[in-house]
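Chain IDs A, B, C and D follow the sequence of writing; residue 1 opens each chain.
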Amino acid sequence: MALIKHNWNLPFNIIRCSHVECTVKDLDESRRFYVDIMGMIETERTKDTLYLRCLEEKNHHSYVLKQGEKSEVLALGFKVAFDKDLDLLHKHFTDLKLPADWVTKHGEERTLAVRTPMGIPVEFHARQTRVPTMMREFSKYKGLSPLRFDHINCFTPNCQSTYEFFVQELGFRLTEYTLTEKGDMWAAWTHRKGNVHDMAMTNGKGPRLHHTGIWTAGVNNIIHLLDVMASEGYVENIERGPGRHGISNAFFLYILDPDGHRLEPFTCDYLTVDPDWEPLGWDLRDPKRQTLWGAPAPQSWFEHGSTFRGVEVRESDIDSNPIIGQYEDHA
Amino acid sequence: MALIKHNWNLPFNIIRCSHVECTVKDLDESRRFYVDIMGMIETERTKDTLYLRCLEEKNHHSYVLKQGEKSEVLALGFKVAFDKDLDLLHKHFTDLKLPADWVTKHGEERTLAVRTPMGIPVEFHARQTRVPTMMREFSKYKGLSPLRFDHINCFTPNCQSTYEFFVQELGFRLTEYTLTEKGDMWAAWTHRKGNVHDMAMTNGKGPRLHHTGIWTAGVNNIIHLLDVMASEGYVENIERGPGRHGISNAFFLYILDPDGHRLEPFTCDYLTVDPDWEPLGWDLRDPKRQTLWGAPAPQSWFEHGSTFRGVEVRESDIDSNPIIGQYEDHA
Amino acid sequence: MALIKHNWNLPFNIIRCSHVECTVKDLDESRRFYVDIMGMIETERTKDTLYLRCLEEKNHHSYVLKQGEKSEVLALGFKVAFDKDLDLLHKHFTDLKLPADWVTKHGEERTLAVRTPMGIPVEFHARQTRVPTMMREFSKYKGLSPLRFDHINCFTPNCQSTYEFFVQELGFRLTEYTLTEKGDMWAAWTHRKGNVHDMAMTNGKGPRLHHTGIWTAGVNNIIHLLDVMASEGYVENIERGPGRHGISNAFFLYILDPDGHRLEPFTCDYLTVDPDWEPLGWDLRDPKRQTLWGAPAPQSWFEHGSTFRGVEVRESDIDSNPIIGQYEDHA
Amino acid sequence: MALIKHNWNLPFNIIRCSHVECTVKDLDESRRFYVDIMGMIETERTKDTLYLRCLEEKNHHSYVLKQGEKSEVLALGFKVAFDKDLDLLHKHFTDLKLPADWVTKHGEERTLAVRTPMGIPVEFHARQTRVPTMMREFSKYKGLSPLRFDHINCFTPNCQSTYEFFVQELGFRLTEYTLTEKGDMWAAWTHRKGNVHDMAMTNGKGPRLHHTGIWTAGVNNIIHLLDVMASEGYVENIERGPGRHGISNAFFLYILDPDGHRLEPFTCDYLTVDPDWEPLGWDLRDPKRQTLWGAPAPQSWFEHGSTFRGVEVRESDIDSNPIIGQYEDHA
């Protein structure tokens, strides 16, 4: 049986997903894409690292881009409520016999680096250096006018077990999902902060990062980003959309940064703070699930993802293949 | 000293504000305004009561309109996490020697009716009857295309003490505020669900309800509501806006229902789930506070409010008068 | 040489394209699509004909849908300035040895039915019955909130000669175009009313109607139509988009009515009233031409069109094939 | 009788209003306002003059700002179809015994400077220097994202006679109007290019320029301009709106440049190319006329205007006073 009960009894409190840290091959290229085109704010640039945030954000970084030979993901960042939660999480992962180490991260007070059973590198922190919000500096709004980092979406070779880990061991709550014909989880959207997701996972070759999501205030901001990308030579970086997801109700766009890391600018999901919110199940064969308006996603969207440094990628354990099915629906 | 620390140690968990219950003089008139013009969904109509909800909502009601001789507010509704929280709140209010009674409300499992020290009638519940969300039924979107009930704003004759009660005794967290010259709280925005507010309070003749806020997906929905109201004979019900608040960053509109109950359709505030979020203080003399774009609010917006049934309205205890000040700024 | 000079010396004055008349298999189905989903206004319904107009329009019809066994186009309608222009056009077509007959059309004072050399059935009128504009009746805005009929786009087996006819003999002015490698016109956008086009023509199997264009006020109206179509069972009728055309700068969508007649809801083109406006030429290999954002049009968009009743369809005279080229670009 | 017939028999062809030339006290200040805040394109800057255009425009200038001691308007610019129209207009004005002189204007081939009977300085040209459109350079869109110069609105001490001059002697066509109780023209909207107006005139102390109008693609662009103005210190330059006009159906905003020249960014009017378009008359007492949503315009909007250099301003000849009436309606 795929659906499990929510775990309300964990002693620590993960507040939300907060950032991603990845490598890029050319910091100047990345700066042009994230700052000049997308409209993010550069908090700080060191010799080999670019710290970026969105317009609304008061924390030091939501994107950490490090100069590297290969394009990889170094860590997925989550914020906890209080400093003590870091210690509780350290004990929790250690008890689970999972890696858990204290590391030093620029712009964060204390950082706990762990691995999920699937090998995904996750980092927890309670406090980042405070920086000014640019939310009321409207002349800085450009490109997407990105307001805040919203969610993380990963491929996993076993969605059922990854879903169970995030719900049972970390306290995430399920909002939407699709099951395979055999009743296993095919894709799951789970949250901590009260909207559709902080962490989503889909079956597939993994673990790999599928994309990070960025909230903007309205449909027009996404259309404007498309126009800017097209006129500035980034047509090839537009992968899918714009469109409306059945899942999450979001108006979305998928784009690729110069290193192939995928981003999802979106607007409009919904509130899920009620503990009695019933997760919404989708039939894998329902074409509205992926795109309410019917246009199929390109093959690359199902296949491409960013690898995690030093983490082996393996094929999915699940034998059904909904992707083929979906393509057939649209053929 | 006006600012107090947040209270993280309360045993119960209030999730969010959920609804308002008030009297209206003509249910058909109210139905025309809320359903035909604003676009709310009628969940149920009994002989003397109209139960309404917004498009996204799966709960039985966010507006309960009861036929009555006078336009009054009967209760402000809040949702708690679990059924046991109701018992804990019953004990909490009883210990505080405040009224706390179990009442029967259609569409709710158990309902606890209490009074704040100021006399505001508040009702808590853990579960409402589940009804279908209309979020994906886009042909039902009209008027404002209201997505969800968002917040409550009240006049109180002593904002400092009301603010302290909601923070210390109920666990609300401060996001934005203005102080009087003497350092007392003049207006406070406090939340539970992770955006700018569930409950705001402003100094003034009270206690009275100033308005309830309704979230919509974008600027265009608010402009369309204005156009619809104008062409359907509701020009007089448009009180203030559209505009951009400095406070909360919301794009807002204030309208009056046929009984004078004020509503604030708005879009775009921000995320406040971080426990280390620092409340933003505004200078009472800063004109951007009320309206970023400078247009003064009409006198009625400062003076008019809905009374609570059976609750005496008294003058503000605070002797400074920022309203005059603001008007002078714009003269 | 493909480009010819504009003809400023014609004695008559065609004001704009005004309407299309076509057959549909089920008037009730068509009414549901055009009125309930798209939001057009029903001016009148007779036993076998539905007369529709857009919200802004004060004339009797911009879409005339007649019950028929087959889905065909009966006529493309154009409005002339004055009644005398009809007589001048009658003489003009007769002098050119082209069919020109006076016919009776419900809702029009006098109607002149002609054929272009390619066989396209065109009807001219100077006056339609006046009906009220719904532009200020905002509660009638729904679906697309269609404001006005904007343009006609046809396949023609010889774009060069069709283009020359509309420019030399009817006074249309070229705004944008693409040429084949041999320098012949591949596609041409020509206007009378002062925006990008009243009549566009593209090389291909024809003559056939490719689509009619409908103006709406903003991006959000097109997104809302997509959401409504998706939730009301019209996903299969969404053919292409939304997107931004390089050509015309329009934000567009292509949809098919229940009989396969294609419609293009769009917003935002530009003013072309200046006589010294220089037509903009596009390279057929420029992918921004069709879609600024890079997504290729589906094969159906290049191939499907509505036939004109009684007009033989023949293959294009032009031997180059830019469609293949474009597909290769995107493969 | 206030309404006169349109004059279809003039030998020349005025295409549209094209630009305004005025003096400003500080070119750097003006550049900051028009270019940095509003988002216009600087075509050229000479020692004492700034030539600006909007994003869509291919002509050299739509705003000519000249360094001067006083803030004045030097000329209202209109474009004619062909060079010969300039000669025909020269003869026309000379025959009418009105001033008509050939002048030299940077960026224009030939320029004819005339005076209307009321003394308004008007300049006609057929060709400006061609410059590139920025319409497809979306990264240049900012502030208002102004697409094109749209219209001119003037105070005149005798609206009836000014209206008659523009219609009878220059071929403008009436689209909307309001009459005084005695049946004289109080305000008139007249066009050449096929939308609501190129030239509007309102009774009042004059002649003076009330405002120039600028077209933008959507509501969101106007909201963004407001946010940018507010956050960049231009709150005092926001005079009225945003709102919806009954007249013209435009979504509007009125702002003042640093010298007090008024601008109206707006979006969405309608097509008026049909010769049988019937002008829409408004009752002066209809509050929807000015603002569909009911908010009264501030006193300054009725009183303030830019004077024309060397042209005496006199009181209105009309004795009725609709402004008082309107204010009473809203008191």
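Criterion: a contact is a pair of C-beta atoms (placed from the backbone, for glycine too) under 8 Å apart; a residue touches a chain by one contact, two chains touch by 3 or more.
Here the structure is a predicted model, which is why all the values come from computation and not from measurement.
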Most widely separated chain from chain D, with each centre as the mean of CA atoms: A
Pair sharing more residue contacts (C-beta pairs) when B-D is set against A-D: B-D
Rounded Å distance, chain C centre to chain D centre (Cα mean): 33
Centre-to-centre distance between chain D and chain B (centres being mean Cα positions), rounded to whole Å: 43
Where chain A and chain D are represented by their mean Cα positions, the distance between them in whole Å: 50
Sites on chain B at which at least two other chains make contact: 136, 218-220, 227, 230-231, 292
Chain C residues touching chain A - in the complex, by the definition given at the top: 219-220, 223, 226-227, 229-231, 235-236, 238, 242, 244, 251, 287-288, 292-295
For the chain C and chain D complex, residues of the former touching the latter: 15-16, 56, 58-59, 79, 81-82, 126-127, 130, 135-136, 147-148, 193-194, 217-220, 246, 249, 267-268, 270-271, 273-278, 292
Chain D residues within the chain A interface of the complex: 36-37, 136-139, 141-142, 218, 220, 224, 227-228, 230-232
